[in-house]
Amino acid sequence: MIFTPGKKLVMIGDSITDYERKRPVGEGLGEAIGHSYVVLVDALLKTTYPDLRLRVVNMGNSGDTVRDLKKRWRSDVLELDPDWVSILIGINDVWRQFDSPLRSEEHVCLEEYEETLEQLITFTEKEVEGIILMTPYYMEPNRRDPMRNLMDKYGEAVKRQAKKHGCVPVDLQRDFDEYLKYYNAQSITWDRLHPDTVGHMIIAKSFLRAAGFEWR
Amino acid sequence: MIFTPGKKLVMIGDSITDYERKRPVGEGLGEAIGHSYVVLVDALLKTTYPDLRLRVVNMGNSGDTVRDLKKRWRSDVLELDPDWVSILIGINDVWRQFDSPLRSEEHVCLEEYEETLEQLITFTEKEVEGIILMTPYYMEPNRRDPMRNLMDKYGEAVKRQAKKHGCVPVDLQRDFDEYLKYYNAQSITWDRLHPDTVGHMIIAKSFLRAAGFEWR
Amino acid sequence: MIFTPGKKLVMIGDSITDYERKRPVGEGLGEAIGHSYVVLVDALLKTTYPDLRLRVVNMGNSGDTVRDLKKRWRSDVLELDPDWVSILIGINDVWRQFDSPLRSEEHVCLEEYEETLEQLITFTEKEVEGIILMTPYYMEPNRRDPMRNLMDKYGEAVKRQAKKHGCVPVDLQRDFDEYLKYYNAQSITWDRLHPDTVGHMIIAKSFLRAAGFEWR
Amino acid sequence: MIFTPGKKLVMIGDSITDYERKRPVGEGLGEAIGHSYVVLVDALLKTTYPDLRLRVVNMGNSGDTVRDLKKRWRSDVLELDPDWVSILIGINDVWRQFDSPLRSEEHVCLEEYEETLEQLITFTEKEVEGIILMTPYYMEPNRRDPMRNLMDKYGEAVKRQAKKHGCVPVDLQRDFDEYLKYYNAQSITWDRLHPDTVGHMIIAKSFLRAAGFEWR
Amino acid sequence: MIFTPGKKLVMIGDSITDYERKRPVGEGLGEAIGHSYVVLVDALLKTTYPDLRLRVVNMGNSGDTVRDLKKRWRSDVLELDPDWVSILIGINDVWRQFDSPLRSEEHVCLEEYEETLEQLITFTEKEVEGIILMTPYYMEPNRRDPMRNLMDKYGEAVKRQAKKHGCVPVDLQRDFDEYLKYYNAQSITWDRLHPDTVGHMIIAKSFLRAAGFEWR
Amino acid sequence: MIFTPGKKLVMIGDSITDYERKRPVGEGLGEAIGHSYVVLVDALLKTTYPDLRLRVVNMGNSGDTVRDLKKRWRSDVLELDPDWVSILIGINDVWRQFDSPLRSEEHVCLEEYEETLEQLITFTEKEVEGIILMTPYYMEPNRRDPMRNLMDKYGEAVKRQAKKHGCVPVDLQRDFDEYLKYYNAQSITWDRLHPDTVGHMIIAKSFLRAAGFEWR
Amino acid sequence: MIFTPGKKLVMIGDSITDYERKRPVGEGLGEAIGHSYVVLVDALLKTTYPDLRLRVVNMGNSGDTVRDLKKRWRSDVLELDPDWVSILIGINDVWRQFDSPLRSEEHVCLEEYEETLEQLITFTEKEVEGIILMTPYYMEPNRRDPMRNLMDKYGEAVKRQAKKHGCVPVDLQRDFDEYLKYYNAQSITWDRLHPDTVGHMIIAKSFLRAAGFEWR
Amino acid sequence: MIFTPGKKLVMIGDSITDYERKRPVGEGLGEAIGHSYVVLVDALLKTTYPDLRLRVVNMGNSGDTVRDLKKRWRSDVLELDPDWVSILIGINDVWRQFDSPLRSEEHVCLEEYEETLEQLITFTEKEVEGIILMTPYYMEPNRRDPMRNLMDKYGEAVKRQAKKHGCVPVDLQRDFDEYLKYYNAQSITWDRLHPDTVGHMIIAKSFLRAAGFEWR
């Protein structure tokens, strides 16, 4: 288990992370933490390692690209003084190229994506114990599908940066691919991007395995 | 143009057709006809052939399979006394096999689909001037995708029945495929099934071309 | 077809144009473009000329007169950097003289209307490839009706300016008149101004004919 | 003044009369009587003839034609045991012929209109002290307008029946025509049928003049 | 009739006047003028003197005392540039002394009331053709009732100021008293202050009689 | 204290009693008992005599007269098997004569009131330990006010029946009169009938004094 | 793992189970399965044993006691034809004795509880592969607290019946007790009964451990 | 009775006090004073000592700790110019330590609590006639329960400060304990903190006994 007692983990990302979290900070009583994989990670950690007393904070914002993360990085990550940061970004960076092909001002190309992600890592790596980088994904098993194909390239960038900066990599695409051998994507998602609780559990389990979680 | 003056066309189907039409009958002032391809067909016909005085009625019901159409065929088609009937069904028959793989009681297999469709044609063909059969579609250009692959088989059944019974066939899948050479499916649909107005215009134009419509 | 590939068309006007478009800019996924003739123009162009990749933006504001357009011309037209601009204005300029006869401060007289319209053209003509000017209309076939009579004068002003500045003219009143030979105005409008989808299709077709659209 | 002390007046009609009256009976505290000319008639009578103690009941139903009135005549008029009955019907009978030209099953032609109106009078005349018949109207000053022209024919039928059966006639069309010499119809109505409070006051004053009302 | 053609009348007051008028100015299409006596005055004047072309504006604000009127007198009366101003104020000045006996900071005593009213008159009298002053009222026929008794004193102040400054006086209390000889107050008001449409008609008729209105 | 341990008290009446109690039975967790004097009686008894374990049930219905109570007496009182019943009725019986003077079918005259009240007592007196009868009231200190005057007669009937049948009388009018020596009615009620919490406390204290309650 | 491929598990209970599940059957797309431990069990099983293809159905009803379960057992359990049934009932049976001490008709005493539970088991055991019995719980660590003390007795009954009938026992109270050694109950529940997602994860993990679940 | 005529009492605290009071000041007509013990105190005082004419103002804010009270003390207490101030604070100071154990920045420890409370007293004591200090409470009879145990320490601090500064002490915990000998806490509260009207009556009676209230 990579987390030691009394630490704070900030999980940032887009609508996959957000899922109705409370503003301005997604932490606290009731449903403040939202309904995404973040609450599943928190519940599995709290019930399995109750002595860890880990604080988990959801800072996802629907619609964000890495360009948006950069704008709010100081207020939404650094000022919360985290010990660990997890990042799940890139889905909108790619999606806008497919759902809004004519509005190129909203596209974040691969080069900008990787450079900006590296800037975020650089701003943060000395301030925290570790950074966890999750790959964006597309719940389409056909790797030659144009959007899957491009998403894989963004995922490669994530893994490249994780290796370069010693971050913990989490390959969500691989774990969704594994699940899609058994069930069609349609059974857990309408748009191949936003999952139901089964899909969020896939993310939570990927994350926890990378963190050295042991079930008991 | 296959329609002669003073006729009534009933367009039946599932949520693609329905799109917030009025109950019990989708005809009349305001938005009674709904927001789907049906209103586009009506508007293009009324403005181009104002002398036709064609009545267009939307009888789509969200979620319907061909099994559901059969249950409401008497009240929702025959009792409206149409001169023409168009049918766009099959999407849910296929989709349930993918989004609800464990609830097999909701699946309508190809054999039941084609048999039931033929029953509806048989009930109706002597009562009307003609029947227009539209193929179900899946806005996925990869023909080896399992759901596209199965949808194509249902589309074949539609074309087979159109040929056998002398109905007017409308190959929606072909026209969506043509559009998808230029734009990604994501730009007109979230789930590759429910289109925006651009997608409904593709359906309306397919239908109208089959009906011998001439723009002016 | 007057539009060449990769251009942007901004369509501005009053509530006829607006029809629930998104703020601040009526372009994008879902129903951002609103439900007026603008979405019909966009859908007919996208499905017929998919290779054009034309961006269509709805900048209508309910209640606007030409006096209001002038106030927001910089932010709502010029700053969007369009290649083509279409204008449909004048209905409220005339209507206020009839529905609010005592509040003369809200009336825009013919002279002010034409002068302001010319100013908008002058501000814009050098910045764009072309301007499309649509006449205001009143769905009243009796040309001696006082409001129809006055609206015709505003329509003449539009046509005069189009000629003077080499803009593309669209005579909506003429095309509504043609339709009203077959159907009463009441069947497509409550107030002889705001049409249903059939009426918006009349506008869209007028516009497209003027733009050299060919159906296929 | 035709009303003597302690009587009950039931005013029936369509949406012009109804205007949010309470169900099942439009009489009582608060806004039970609705916001149409009925409340104005009641207020002018109560404040001018407080000793009359006249009960005024609103039984209008939005959308009704004379065909609909006949269906509810027993429950909504006779069973309320009125001393006086006023009828304002015919607008929808005519309007449906113009706004829904293809749905002829909703049209009430002049012959059916006059016959049914006479039946209602015949059912009622022996049970009450008097019947007040108001003409339907169309706030269009041009008598050659097709809908105005047809509405006038229905108004003639009302006046013919009033004369034949000794009912009190109220010529609303004439009084609206008078007002329209000074103001455009658009200033008091969106659709030339549903008036604002100024228009309802025209109806109330027509009614009261016919009833021998004296202002004080 | 005191009003000559083409004038503007601003009617100001408290919730009796306001009754859901539009902000910031209670004039215009639809229900902008609210539902109080103001709309009745406007409708009776428009329909009886259509050639007057009088503009009527509702500037009532719920809860206002004369102290509140003074604060908004410039923006809400003088800047609208009226030819005539009517004032109905004083009910809350008195009521607060009875419904909130312990919160004396909300009480406007008789002396302050009369002085402030006179200031408003002085600010205005040279700017307009005339001022119409309506007495506040309490729908309680027992003149020894403490609140009625005090209200009468405020009414006397209104009449005193009207006389001193040559304003048109309207004695609403007297006309309510007359009506209460025939009907109990409970039939037109819950709290003896806010009337239904019958009660607003009493106010409208009082006002119009003072203005020299002749019914026709 | 008239209540012995383990008993059930059903309190029935009109809107004064009801005040948003739960249906069908006003007893239980949360706000089931409503917000009227009933919850104050319950709270003062529970906190002062916790060992009594008295069940208090609110069965008021807004708008009820004694005529309405009779219709629901079996289901709403007898079938609940109470040990004690309290009745507060008569306000609407009187009020309708004042607020709806023309709708005499809604008036319950004094004779019918007293006879019906006696019937309810007779149905019940052998089934319960005791009946508590509260007088209706009007928060108008002037006894010559017509509605106060009539209400007093109904109150006399209540006291007469209490005496005749050995019920516990509660003179609410007397206790309101006492309070009104210090504060105006307007400070606790809008319509002199429906009190705020201060007014409900007056009722609760009257009731409790009659029941032999001792504060501690 | 006790579940073999292709089976159906029906999970029944009270509000702890229900948590906004869909009616009439809590199975299907979207949030039909609700937000309780049931969706967590389903997600952990689907993602860990994708080849099991287990159907999980939520049939909880808020407020139910074992007495209520018995009334709906045929329609809500047996007619769904399950292979496995889990039961979590008893919380309301006990709670009503504490929150509604005077309404003894709502109390389900220990004897009735155990007898009824045994009846449900007897009705079902031959129809299914197995029954899983979860103990009710109270998130109060002090075993001498009266409600905890009584809840433990109901839990003993559950374990007794599990042993007698060979059902799979799940001791939720024990697992909540374990968690409460680390965190106060207030951090996961407002009322010591309804948990947040952390608390539902405790239930889900207890259930899965009893079912032989192995994390991977 | 400690209150003399014509004084103002400001009651400040957290959600127990607040209970939907009006902003910015919880005083006035209707439900401005909220639904907590404050309205009960006001109603019992007004009806029992009508000649006192005591103003009672509710200034509770949901969620407040003593740290929050300090921030708003000037605007919410001193500027209202009270004669008496009552304080009920400390519940959230303790609760956050139990429901949010990891967010220590929200905890107000005993030392800070007592110091801040003393500051508030010091700011105020010379400005008013007296201060009434109510102990925070926890409706848990087991004194060894950790949260009860800690709450008792905060209650001791309140009593210590009351003694030191000559404030009127009100021991709410003692009075809740007394009630809990007869009824379980669950019957008047969901979370052992927020009471129903019975519980608020316990607080009101404790307060009034301390103030020398005599029932009559």
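To keep things simple, chains are lettered A, B, C, D, E, F, G and H as they appear, and every chain counts its residues starting from 1.
Just so it is clear, a contact is a pair of C-beta atoms (placed from the backbone, for glycine too) under 8 Å apart; a residue touches a chain by one contact, two chains touch by 3 or more.
Predicted, not measured: the structure shown is a model, and the values here were computed from it.
Chains making contact with subunit C as well as with subunit H: A, E. Chains that count as touching both subunit E and subunit F, per the definition above, are D, H. Interface note: subunit D and subunit E, two copies of one sequence, contact each other through mostly matching residue numbers (shared numbers exceed half of all numbers used). The centroid of the Cα atoms in subunit C and the matching centroid in subunit G are 63 Å apart. Subunit C has residues 29, 99-101, 183 in contact with two or more other chains. Chain pairs that touch, as defined above: A-B, A-C, A-G, A-H, B-C, B-D, B-G, C-D, C-E, D-E, D-F, E-F, E-H, F-G, F-H, G-H. For subunit G in complex with subunit F, the residues that touch the partner chain are 99-103. Against subunit H, in their complex, subunit A makes its touches with residues 27-29, 53-55. Chain contact summary for the complex, subunit E toward subunit D: residues 29-31, 35, 39-40, 42-44, 46-48, 50-51, 53, 179, 181-183, 196-198, 200-202, 205, 214-215.
The touching residues of subunit C, counted against subunit D in their complex, run 95, 98-101, 142, 144-147, 183-184, 186-187, 190-191.
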